[in-house]
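We just call them A, B, C and D in the order they show up, numbering each chain from 1.
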Amino acid sequence: MTIMPYQKGYDPMIRLNCDYLEGCHPSILHRLSETNLEQTPGYGTDHYCTEAADALRKAFSCPESAVHFLVGGTQANMTVISAALRPYEGVLCADTGHINVHETGAIESTGHKCLALPGKDGCITANQVAVATALQADDEHMVKPGMVYISMSTEVGTVYSLSQLKELYDTCKQHGLYLFIDGARVGYALAAPTGDVTAADIAKYCDVFTVGGTKMGALFGEAVIINNPELNVRFRYMIKQKGGMLAKGRLLGLQFSALMEDGLYFQLGRKAVDQAMRIRRALMDKGIPFLVDSPTNQLFPIFTDHQQERLEADFKLEFNGRVDETHVALRVCTSWCTPEEYVEKFIEAIKKL
Amino acid sequence: MTIMPYQKGYDPMIRLNCDYLEGCHPSILHRLSETNLEQTPGYGTDHYCTEAADALRKAFSCPESAVHFLVGGTQANMTVISAALRPYEGVLCADTGHINVHETGAIESTGHKCLALPGKDGCITANQVAVATALQADDEHMVKPGMVYISMSTEVGTVYSLSQLKELYDTCKQHGLYLFIDGARVGYALAAPTGDVTAADIAKYCDVFTVGGTKMGALFGEAVIINNPELNVRFRYMIKQKGGMLAKGRLLGLQFSALMEDGLYFQLGRKAVDQAMRIRRALMDKGIPFLVDSPTNQLFPIFTDHQQERLEADFKLEFNGRVDETHVALRVCTSWCTPEEYVEKFIEAIKKL
Amino acid sequence: MTIMPYQKGYDPMIRLNCDYLEGCHPSILHRLSETNLEQTPGYGTDHYCTEAADALRKAFSCPESAVHFLVGGTQANMTVISAALRPYEGVLCADTGHINVHETGAIESTGHKCLALPGKDGCITANQVAVATALQADDEHMVKPGMVYISMSTEVGTVYSLSQLKELYDTCKQHGLYLFIDGARVGYALAAPTGDVTAADIAKYCDVFTVGGTKMGALFGEAVIINNPELNVRFRYMIKQKGGMLAKGRLLGLQFSALMEDGLYFQLGRKAVDQAMRIRRALMDKGIPFLVDSPTNQLFPIFTDHQQERLEADFKLEFNGRVDETHVALRVCTSWCTPEEYVEKFIEAIKKL
Amino acid sequence: MTIMPYQKGYDPMIRLNCDYLEGCHPSILHRLSETNLEQTPGYGTDHYCTEAADALRKAFSCPESAVHFLVGGTQANMTVISAALRPYEGVLCADTGHINVHETGAIESTGHKCLALPGKDGCITANQVAVATALQADDEHMVKPGMVYISMSTEVGTVYSLSQLKELYDTCKQHGLYLFIDGARVGYALAAPTGDVTAADIAKYCDVFTVGGTKMGALFGEAVIINNPELNVRFRYMIKQKGGMLAKGRLLGLQFSALMEDGLYFQLGRKAVDQAMRIRRALMDKGIPFLVDSPTNQLFPIFTDHQQERLEADFKLEFNGRVDETHVALRVCTSWCTPEEYVEKFIEAIKKL
C-alpha cells in the first residue's frame, strides 16, 4: 500500500518536526472499519487483545511475558514505575530521560523521585547505575534506587548496543533493580544501521518494556510487556487506577495486531530510518555538525541562525536548543509515513544552504 | 444512516450489558479516514480540536467556557478533581458515585478523599451537601469538602431534575464548593422523558462538566468543559501529568466534531432512551419490578433466578447484585447503536418469561 | 509518686475533655533531666531506644517483633498503612475510625482509600470484613482491601473482646489482609473491667500495632510494633519519608522505657479507668443515658441542654454531637493524671444535677 | 548557666559529628517541669504557643507573620512545600539541598519534583533561578517551578550574603515564585563572622522560613514562619494531614519561648560558631584544606586517611565523602552545647597531627 502525501492541505508547510503528525497506517483504519459494529467485552478482555498479545510475544520472542495495552506513553511510564516501586524507592534514568524532563512530573505525582544521572548522548552506563546504587545503599535518609529506566531509542535518537544493554541488565540484577525499557520508538531503534540489538534482545534483557504504537503507525497506544512476573501482580488494577484502561480496549488490540502482521511494525521502522539516514548523509555532505550523531529517525543537526531561517520557510522543524549565539540545534524527524517527496525536498533544501 | 447488527459474528449472544460494546458511529470512521494523512500539530492544539470545542460550546450554550479533550472517564475525573482541590480537601459524592466505587481509588491516588453521602436512587441532595459541609467546617482534623461530584445520568440511570440541580449549585456557591457534573452519559440523561434539564442547564448550573464520547458513539474520549475560569488555570499541565494528553489530539477533536454535527450526539441519546423505554414498558407489563426506576438507557429490573437463567441463554446482561435468595438485579443497557432487532428480540423474550 | 493538681493556674476550669491535657509522668521528666547532656547517636539508633524496644517486647510478650518509635498517632497510622498497602489497596475500618474521620485525610494523602464499614459502638466484625473483601475481590475496577484497621480502645471508648479479636485476625489471615491495631489508648483498653484481652493477645492477634504514649503519660510518642516481618522491610525508610523520624530519637526511647518500668504504663491505664468507672456509676445512678456504654477512660453521657449548661460552668467537657433538639452527647475523659479531687468534684456535680 | 560535659558516660568518645547529640538547653527542661501538670488545650492552641509566636515575630521583626510549630525538619519542609505548590509545580533547590538528598524523597512523596540546580558551595544564584524558570515557562510538558528552596546556613555550612538573598527574592517575585528559607540552622547562620544577613532580613526577603529548634537547643521542633498570607490559608489542615500537629502542642511553644527569651537562641548560635571558628583556625594553621570554607558551626576539612585514623581514635566525626584515593572529607560540628573542653581537646589533637 503506497502512502501518499496528504492532499487536502490546510498547511502548505512540510512537517518534519516529529513522528506523530498523521493518523495511522491504512491497515489499521481498515480493521477498525471492518469490525466496527462487532460487540466485544470491554477493558481489553476481548479476543483482539488476545491476538495482539500473542503477536507481540511472538515478535519479541518472549512467549511467557504478560502483555497489556495502554493508551499513551506518559501513562504507561507512570503505571509501570509506580507498580514496580515501593514508596521510598526512585527510578534511575538519564537526565534527558522522557520521565525526567517531558512528563510534567508524572512520576513524582505518583510519589517517586527520578534519580537523574548525567547521560552521554542520552544513554547511561552500567557503571553509573552501580555507583549510584552503592552511594544510596542502606541509608534510610536517601531515596533507594529500585528501577532503572532507559529509552530505546533514546530521546536524542541514539541506541544502546547489545553489550551496553546486557551490562545494564546484569548490573540491575546484581543490585536488585528492575530494568525498564521505554520503547516508544523501539521500532526505529531496531532499525538503526549501527545497532546490534534485536527484538528478542529487548525482551531478554529487561524486566519490562513498552512497544510504542503512537509514533509507529498507530492512532495511539503503547503495549506494556512484562517479562518479570513480580511486576505483573494485579497490574490491571494499576492500569485502571492510573486512568489507562480503555473501555473499548479492542481498539488497542486491533491496532497492535495490524502492526505486528507480517512484520509491518519493523518495516515501518526501517523505512523511516532509511529516510533519516539519507537526510543525515546530505547534512554531513554539507558539513553540518550534529548535537548528537543518531542512527535512528530523529536527527539533531546544528544550523546557523541564517540556515534555520531559510529552512523554516518551507519546513516545520523542532527547536531543540540554542547552541551558541549564532547556532541552534533542531530536530528533524522522519516517521512511518513520511512521504518520499518530503525527504527529497528537504535534501534538496539542504544542498542549497 | 442505518446501523445494522454486526454480521461477521464471533459471538451469537446479543449483548445488552453495557453501552460501550461496539466501535464508533460511522461518521467518525469516515472523518478519520478522510483526514488520516493530514499533518497536524500535536496534543490538541490542532484546528479539529478548535472546531470541536466551538461546537461543544455552542451545543451547551456556554460560549465562554474552556474545552479540553481527554481520553477516558476515570482520567477525566481524576484530572478535574485533583486540579480543583487543595491537598486537604475532599469531594462529596453519592455512595454509588463512579469515583467512589468503580475507579480503583483513582481519586484517592491523587491524595483526595471521596466523602460519600448515602444516595437516593444514585442522587444526593442540596441539603445533604449543606449538612456535610457544616459538619466539617473549620475543623482542621477533618477533610474539608471542596467539590461536589454528581453524575448525569447517574450510575443507576436516574437524572437530577432542574430544580434539584439548581439547588445543588446554589448550595455549592453558598459554601464555596465547586460543582462537577460527570457527563459520561449526559446524552442519555438529556433524553430522559421525565427529565427537564437541558444542555444549556448543564453548563449553566455547574463549574465544570464532562461530555462523554465513549458511551455515546465515539471510539473513546471525554470532553471536559470548564465554566469557572479558576479551574482552568494551567489545566493542560494537569492533563499532561495525569497521562490524559493524547499526542494525536486531533483524534478527539475529529470525533467530537462529528458527534456535535447537526445534533447527532443528542439524536443518538434519544434513540437509545426510546429503545430503553420500550423495554421498560415491556418489563412493567410483565410485572417485573425495578431496583431503581430509571428514565434513561440503563434499566435495573429484578428477575427471579429462573428468569435470569432463561434470559441469559440468549442475552448477555450485567449482574448488578443479589436482591434476596431468589432474586437478582440485572442491568439492561441500550446504546447509540443498539439494533432495533435486538430490542425486539429482548422484548419478545420478556413476554415469554 | 503522688500526682497533684496543677497549682499555678491560668485556668480555674477543671478539664475532663480529653486525655492529653498535661505534660508527662514525672518519671519521664526525671529521665530526661538525668540524661540531658549525654551524647547519643541520632534517629533512634541509641541504647535508650534499644532498651525501650526490649521492654515493649517483654510487656507485650512478642520477643521477635520489631519496634519503632514515632512522634505522633496520625504519623504512625499513615506510615504503617502506606508501608503495608500496594497502590490499589485500601484499608477497611469502622466509619468512626480515627483514620477515616479525624486525620484530615492523611491516609488518602498517601494514595489509599479508607473503606469505611458501619461500626457498632465503634467496632467492626469479622463478618463485615469477609463480606467486604468478597465483594471487591478480583475486580480491578474497585479498590482491593489490603488491611483492616481497628482501634483498641475505639474512638468511642469500647473494646473488642478476645473472641472478636481472634475472629477478626483469622478472617484477615484467610483473606490475605493485614490486621493493624491502633493502640493510641491501648493502656486504657487493657484496663477495661469488662475486657478479656491481654497485652500478649494484642501482639498475638495482629500483624502490627501501636502502643500510644501521648495519651498515656508521655510527652509524645507512639511505638509501632511489627509482628509480621513482611511489614518491617525497610520500614525506617517509610518513617523518614513520612516525617516521623525524630533526630533526637532517644527522647522516645527514654519515655517508653520509663513507662514500661515496673508496669507503670498499665497502672496508669487502670487508675484512669477506675476513675472513669466511678464517674460512670454516678451517671447511671442519676439516670443519665449514654450514647455508647464504654468500659474505658472515655465516657459519652447524654445530657439535656440544661444539664450541659450547668456542668460547663465548672468543667470543660467535649462536645460529641447533638442527639436531639434538647439533648447533647458529651465526652468525659479521665487520664493517667486526672487528680482524684477532679473526679470527686465532677461526681458531686452530677449528683446535684 | 554553665553547661558541663556529660558525666555518666556510656561512651568515652567525644562526639563532634553533628549538632543534635544531646537533649536540650536546661532552661527548657526547667519550663517543662514547672508547667508539667498544667492543663492546656491541645494542638498548639494554648497560651504558650501564642507567647512563643509573639517572641519569634519580635525576634525576626515580622509582626504580621503567621507562626506555626511543627515537630521536625523533614515534616516542616514537606508541609510547607506541598501547601505552596500546585500539583504540576516543582521546587528549585541546590543539588545539595536537604530536600533533594536527605529526606528519602519526602517532597516527591507529596507529588512534587525537586528541580535541582548545581550549587556552588551549597548555594544557588538568582540567575540560575531565572534561567531555569525561563526554560520551563509555559511548557505544559515540563514541571513548572513554583518555589525556590534555600537553606540558611546551607547543608555545607555556608551562608548567603544579604545581596545574594535580596537578588534571589527579587527574582522570585519577578517570576511568580515563592522563596522558602530552611532555617534548621538559622541561629548558626546569623552568627557567621563573614555574614551580613540579620534576623530581620531573613523574614523580610522570603515568603516563608523555618526557625530550627532541634539543632539549636530544643529537644525537637521547628517554627514555620509565614510572611506571605497566601501560604497561610488553612495551613493548619496541612500540618495535621502531614502528621506534624503535636497533641500537646504547648511543648513546642514552651521550648521556643525559652529559646527566644533574652536572645538565648542567638547567643547559643554565636557560641557554637565561635568554637567552630577556633577549630577552623587550628586546621588552617596546620595547613589542612577544606572541601568548602564555611563560616558556621559545620566545618568540612579534608584529611589524609592517616590523619582520619588518628583523629577517630578519640573523636566521632562524620564521613562526608572520599576526595581522592588518600583523602577524605569529614564533617566537624559544634553546637549550642559543645563543651569548651571538647573544643580544646580537638584543637590539641589537630596540632599533634
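Quick note on the criterion: a residue touches a chain if its C-beta (ideal position, glycine included) is under 8 Å from a C-beta of that chain, and two chains touch if they have at least 3 such contacts.
Keep in mind the model is a prediction, meaning the values are calculated, not measured.
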- Query: How would you label the chain A and chain B contact, same or different, if same means the shared numbers make up over half of all numbers there?
  - Reply: same
- Query: C-D versus B-C: which has more C-beta pairs touching?
  - Reply: C-D
- Task: Please report how many Å separate the Cα centroid of chain B from that of chain D, as a whole number.
- Result: 51
- Message: Based only on mean CA positions, could you tell me how far chain C sits from chain D in angstrom?
- Response: 33
- Message: Suppose each chain is reduced to the average of its Cα coordinates; what separation in Å results between chain B and chain C?
- Response: 43
- chain C, residues touching no fewer than two other chains: 87-88, 103-105, 109-111, 140-141, 237, 240-241, 245
- Item | Complex contacts: residues of chain B adjacent to chain A | 3-6, 8-11, 15, 18, 20-24, 26, 29, 32-42, 47, 71-75, 78-79, 103-106, 109-110, 214-215, 219-220, 237, 240-248, 251, 337
- Taking the complex as given, what residues does chain C use to touch chain B? 87-88, 90, 101-105, 108-114, 140-143
- Item | Complex interface listing, chain B residues touching chain D | 82-83, 86-88, 110-111, 140-141, 144, 234, 236-241, 245
